[in-house]
Structure formats: C-alpha cells, structure tokens
C-alpha cells in the first residue's frame, strides 16, 4: 500500500517525543533518534539528563575536535560540561536506572508488541549482539517511550501482535512515537490505542502499516508539536 | 579454685592480640579491649585501620577537647586525621567487611564455643540489645580474634562447649586471647587447642577455668610479647 | 526555570509527612551527620504512628558518642518522647548502658514501640538495594543467629547465606555539608554513614545542609549523593553552620 | 615501612597472571578509563586461555566511541588477536556495525571464543556483589528475555525478578587518574565506569594511573576507590599522562 502522505523525519519524531518530558524530569536518551530529543526540549522545561557512562546533568554534545575522553555519553560521543554535574561509576549509574530514579527514557526499537514488549537489541541474523544497558532501562525506568520508524526499510511493520525478535523487556513500553503515529500502550496488556497521526494520515492508513490491532482514541488528533 | 598466678591486664591482652597483625594488614578493632590494640602494634608493622563509621586509614584517638564530630570511630570516639585516609558511607563500609576485605578483626566476647561460635552482642537479661556491626564482622572478616577476659566477673567460664547466649556468628572465631591463655580454634569444628598460657599458669589450671575441653598443643609455651 | 530544590523552611520541608509514614533518619548516632533541625521540625509538626529507620534510635543523654561535652543531644529521642513513634528499625537501638536507658528502651519496655533489629551492614545494604532496584539479596551476615530466625537461607560456596529484602521508606531525612540547587550533596568526613543509602531508598529525600550553593559550586568529581536521589534541600541558619551541632 | 603498593613496571605488575586466569578489564569501551599499558604488558607476557570480563570486548577500529581521530585504539583486541582469550563476559561484545566485525566477533564466529552476554547494569552489580560479599541478588533486568533463560526467577511486588550471582575475578586491571601509595584511587569524569566495581570484585587489583602521589595527595573526601580494594599501582610514563591515550 502506498503511503497517503509523507512520513515525518527523525527530527520530528524526536520533537514529538520531547513534548513528553515534564519540567524537572530525569531523562535518559538511548542511541539513535532518542539522542536527537535533547535539541527539541520545550521552552520552560528543565531536564536532568542521566547517562549510563556515569554522569548526571550532562551538557549538549561537544563540538568536534573539542572532545574530552573522560566526558562521554553511553554512545561514546563527546559531551560538554555544565554546572551541577555529578560523576559516578557503573554500579551507581545502573542503581539509578534499576531503582526507578529515571522518570523517562526514550529508546529505539526493532519491534514493539501489542502489550508493550520491546525488542531492540538482537538481530537474530547476526547471531551475536550487544545488549548494553537496554534491558536495565526497559526494566527500570518509570516510563519507556519507543521512538522509531513505523516500518522497517523493506516496509515490514514493526508494531506487531507479538515480537518475533528476542525481547529487551516485557510490557515495558508505555508510548510509541513513530514517523506516522503516536500510540499509547494501554495498561495491563489491554492493547494499543492510536492517539495521533501524522499530517495527511488517518486511522485506517496507520492501521494498514501496523500488524498489531489499533484501537482508535475518540480524541484522535493530528500530531501537534507546539 | 583459686588462681595459680595473677591474670594479665587488658593492656597485655591487647598487646598479645596485636602480635597477630601482619605488615600491611587491614584491621578492624571492636569496642573494648580490641580498641587498645592499636597502642601495641609491633615495630615495622604498618596497618590500615578500617572503621564502620566510614573510614580507612584512621589515625589514633584524638586528644580530649580536640574532637571533630565528623571524624569518629565506630564507638563514637574522636579520631585524628592522618595522610592517606579515605571516607565512605555505611553501604561501602560494610561492603568491605562482608566482602572479605578485612584481614583481621579483634572483637570482645561474652562466650566462645568449642567450634568457634561467637556470642558477644546480647545479654538475655536485658531483653533488648545492640547488634551494631558485630554480625557483619563475624561473618565477613578473613580472621576473627576474640579478645576477652577468660571468665566473667563472677568466675563463670566464657569458653564453653556451646554458647548459651545468642550467637553473633557460627564458627567464625579462629583465635581466642584471654587474660590467662591463647587458644586456637581448630578448623572444621575440631575443637580448641591451648597454645600459650600466662606466666605462672599451666595447661591444667587453664583447663580448670574453661568449660570447653582444651587439647594441649605439643608446643605449648608461656605467652610471649616480644 | 533552572532546577532549584530549595525549600525555605524546615517546617515546610516536613509538612507533608503524614501519620503512619515510614521514615529514614540519617547519621550514625553521634552529633555528626544527623538532621537535627528536620527532627525538631517533625516533632513540632506532630505526625504520629511513624516507623523510623536508622542506625540508632537515639543515644542516652548525657552521653559521649561524638557529642561535645555540655551539649544536649538532639536525636530520635525528641520524636520518641513526643509519642510519635510506633516502630523502630535499627541496629543499635538502646544505649550502651543498662542503667541509663534511652527513650526508645523505655517505650519498648512499656510495649508502646515495636522493634526490628537489623545488623548494621544488612541495614545499609537493604537501603541500597531499595534504591538500586534489587528486591532481595543473599548475605552471610547473621546466618545461624536469632536474627535469621524465620528467614530463608541458602548455601553458596559452602557458606550459609540469609535472604534479606530491600528496605524502602516514604521519606529520608538526611544531613550533608553542602547541597547545590539541583540536589547534589557533599558530606564531611565520617558524617556520610547512612545518609547516602537512605537518600537512595526513600521516595522523598529531604536534605538538611549547612550551605546551599549554585550548580557548579560542588566539584562534579566530589559529589557524594547525586541530585537524582534528592527531592528537597533546606539550609540550616548561618549560625548553625560549619559543623556546629545546634541552631 | 610505610605501606607502598607501587610496582615499578607494567611487566612486573602482570607477571603472575597465569594461564586460565579470570580477568576484569576496566573502562567503558572508548579511550577513557582503560588500562592500555597493562593490556599491552599482558599481551607481551603471553598468558593464555584467559577469561576476560568487561563492558566491551574491544571496539572495531577505525572507530569513534571516544577515541580521538587518527589514534589506533588499544583495547581487548590486542589480547584477542594474540590468541590469549578463551571466554568473554561482556554486555557490548561486538562492534556497532555488522560490516566491521571486531577481533572478538571473528573469534566467536570461528568457535574459538566463548561468550556470556550480561546486561550492563547486571554486570556492574554482579561485580559489586562479589566485592560486597553478596552471593546473589534478585534483579528485574532481563526478566522474560532470553538472557534469563535457565535462571531462577521470582516475583517481588508483582514484578518478575531474576536471580543473578556474584561475579569474581582473579585479577582486575583498572585505570585511574591518580593513586596514592596506599592504593587510594581517584578517577576523572566518565572514566569511572566499571573500574570501581571491578576493583572490589578481584582478588588482586592492579591500577594503571597517570600519577602516584604521597599519602595525603588525594583529598580523603575525594577518594573514589579506597585502597582496601587495590593491591598494586603502576604509573604510566610521564609522556602518557594527563588524559593522553598512548604511551
């Protein structure tokens, strides 16, 4: 089926995710689209960023050529310092994650299931993978947002009744933000609810790109970014 | 039975315990006689003191009137600073203890059993007691030395076949130093071996003050402090 | 608005502690590292039927244990004597001397206060576990003793271990030397003790500090309790700063 | 003699690591916080059949991940390419790119190296548990995933938790900025990562540092890894100090 309208760019997905952040939230951003969210935090919202590399309150990415090998994020990118940072080791960094001290994490996804299961770490075809901190974030963060393209490069739906890829965490995702829709995972495994669609898309066209069944919110709207 | 000879003073017990410390050992000294050990460390032996109050490498007790409320030992006594100290919290202080990083601890005792069980925290008559860090030290230190008077004030033997007081730890004591004897707890619950006696005492007179049976070492000697 | 966790008064800092709340109170027992003014404010606030968790349940006065001569200790006794405490979870709940019982011991003997006695290291580790998302852990401490009665145990590496559970609290009242406005804390010397693991374990951590500084006022290498664990900070009046015990 | 844990050369520092030893190697993956010169010394020493535990098993070169442009990474690959490694325990063992496999991935595919994959937080916590005398603990991480296959699990507070065991090592090779002679370590910035929990978990911890100072040269408030966890310290040559990557 041909797309009804253009899909949103990765920046716009990040922009929409960033609207979920509340003032004062502790936020952990995964690699990929989530990293972009920090560029789109709404005015008046002050966040405390957490990184598995052992850092609270990091500044933005550092300009190329000004990297400090002792100031990196979990993806190995150089950061710049800001006032009010704190450094700690990996045991403490993950105590924070596992202990429920992260308000929101945004993670990339290979698949999300109808009950909020997340698969984002293992491509069976490779036969070996990196789990990194993904399972800890999935299990520990108060709120997990999946930030992802709605379909794979070959068009395969990534929002599915049940994940076929190995899981990162069970029932952990509470919101899915894609390049065509925003979907809530209903509590208690009650399924998925479409709450927003990209401009030019509608409930039927989003459903046609989605293998899992979507309940349509009575308040369904177009994605707004303001 | 009347004592054959005078009993050793608390200082002398501490002096004998201190001979057990090896150069470079990490040592934790309990309240009472053990605290005195630091005054009698043999020349050439450098120790690293550990305190449950969150301190490694503490200096000696501070002079009265010069106390810093933020530099105390586990008994609430003021300490003086020395170069090379490190401060940490209670979770870390007990990680060190439980994790086997303390080479030797000397603890006071109400009773020690023939298999090295230690009772040193609870007087049933009071009905309520302080456990503090005693059970952690008993379970975690590589070597536990009981430093104690051989008998209670009323003459009751404190080295017994089985402890009647509630235990601090099972089979944890490896050496008992008292005011009349030095006794090894044999590994694997194989009983007690008398290895040294105070001047003027002998195996029979020590046994007469001891409810548990003592095997006599073929190398039995008088306690030496040099 | 930049993050600023400052609360302007001790009264305000403890205002929402309700009857029946579970509280951790920092420090070791002596004068250092204890949130004296938060305890006094909680006494005045009056919440009842509280559970308090800490190393001690107050030291008997007059005392030593790190209290300067001639200074009347401010500790858990102010809450106990005010009838606010239903239960104590501690490792060192009574005074060192039978003949000088502290307020807790009197209440315990009168059957008014319940006690859960926990080895000091297990207490700290149970707090850290709560803060670190570890539901339970196996420790060798207390195996084979009456403090393991009724608990699951299991042998690892030939040694018996006891299963101990995470210990959570609604509020932690902690004490630090310095806070920055985002809630990072730095302590002094042996005043850390139970404050850092308590800050991890509580839903709401309230830090009483000598000084509140701008972000950046604490070296990020020197932060002991990262601000992620701290919800409110309140400064002692200037006259009580600098390690002094009283307001 | 005052305590002095200084060892005079990297060669001497690793001389007693024997075939079949279990090693932890510090750092996160990038240039910061990794014991480069200890790894090179271990390569030259030649011990074989080693198990190495760490966050990564080496990053594919040429790379980013905190390595300055134009600098050839020194990491686990120097040991893997030399045929010394039998098993890897890691959370991030392969490169980010299928098309640029690292030395570990090649060895793994060839069936020469065994892998135990562990979530990053569980890996750090298992090390801390080993150092802290906690035999095992229940974590929610990985519950319901293939990394929990064959493991005990149990529900606490309505949430499934997996039983994970302490992870010990014979040696830890760690990297810090400064050591004092008694073995206290201070790190810089995000170079802490796995170094502190590894120092706790190993029987013998060997610290590669930029600078060794007299006792007192590190503020006792600023010590990250207390000397109780450190058995040997060895200084990088002056030219490699100050955060530079190479000797």
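We call the chains A, B, C and D, going by the order they appear; numbering starts again at 1 in every chain.
Note that in this section contacts are C-beta pairs under 8 Å (C-beta built on N, C-alpha and C of every residue); 3 or more make two chains touch, one makes a residue touch a chain.
This is a predicted model, so every value here is computed, not measured.
Any chain that touches chain B and also touches chain D is listed here: C. When the interfaces A-C and B-C are ranked by C-beta pairs in contact, the top one is B-C. Ranked by separation of Cα centres from chain B, the top chain is A. Which listed pair repeats B-D comes down to matching contact pairs by residue number; over half match for A-C among A-C, A-D or B-C. The distance from the centre of chain A to the centre of chain B, each centre being the mean of the chain's C-alpha atoms, comes to 56 Å.
Rounded to whole angstrom, the centroid-to-centroid distance between chain A and chain C, based on C-alpha atoms, equals 37 Å. Work out the mean CA point of chain A and of chain D, and you get 29 Å between them.
Shared interface positions of chain D, i.e. residues touching 2 or more other chains, are given as 125, 128, 132-134, 139-141, 187-189, 220-221.
The set of chain B residues touching two or more other chains comprises 87-88, 94-95, 97-98, 139-140.
Here the chains touching each other pair up as A-C, A-D, B-C, B-D, C-D. Chain C contributes residues 125, 129, 132-141, 156-157, 159, 161, 165, 186-189, 220-222 to its touches with chain D in the complex.
The residues of chain C lying in touch with chain B in their complex are 28-33, 55, 59, 64-68, 91-94, 96, 98, 105, 108-109, 115, 117-125, 127-128, 139-147, 160, 187-197, 224, 243, 245. Across the interface of their complex, chain D is touched by residues 23-24, 26, 44, 46, 48, 50, 56-57, 81-88, 92, 94-101, 139-140 of chain B. Of all residues in chain A, those touching chain D in their complex are 51-55, 67-72, 75-78, 87-91, 93-95, 97-98, 122-123, 126-136, 139-140, 166-170.
Those residues of chain C whose C-beta lies close enough to touch chain A in the complex are 1-3, 128, 130-134, 180-182, 184, 200, 214-217, 220-221, 223, 226-229.
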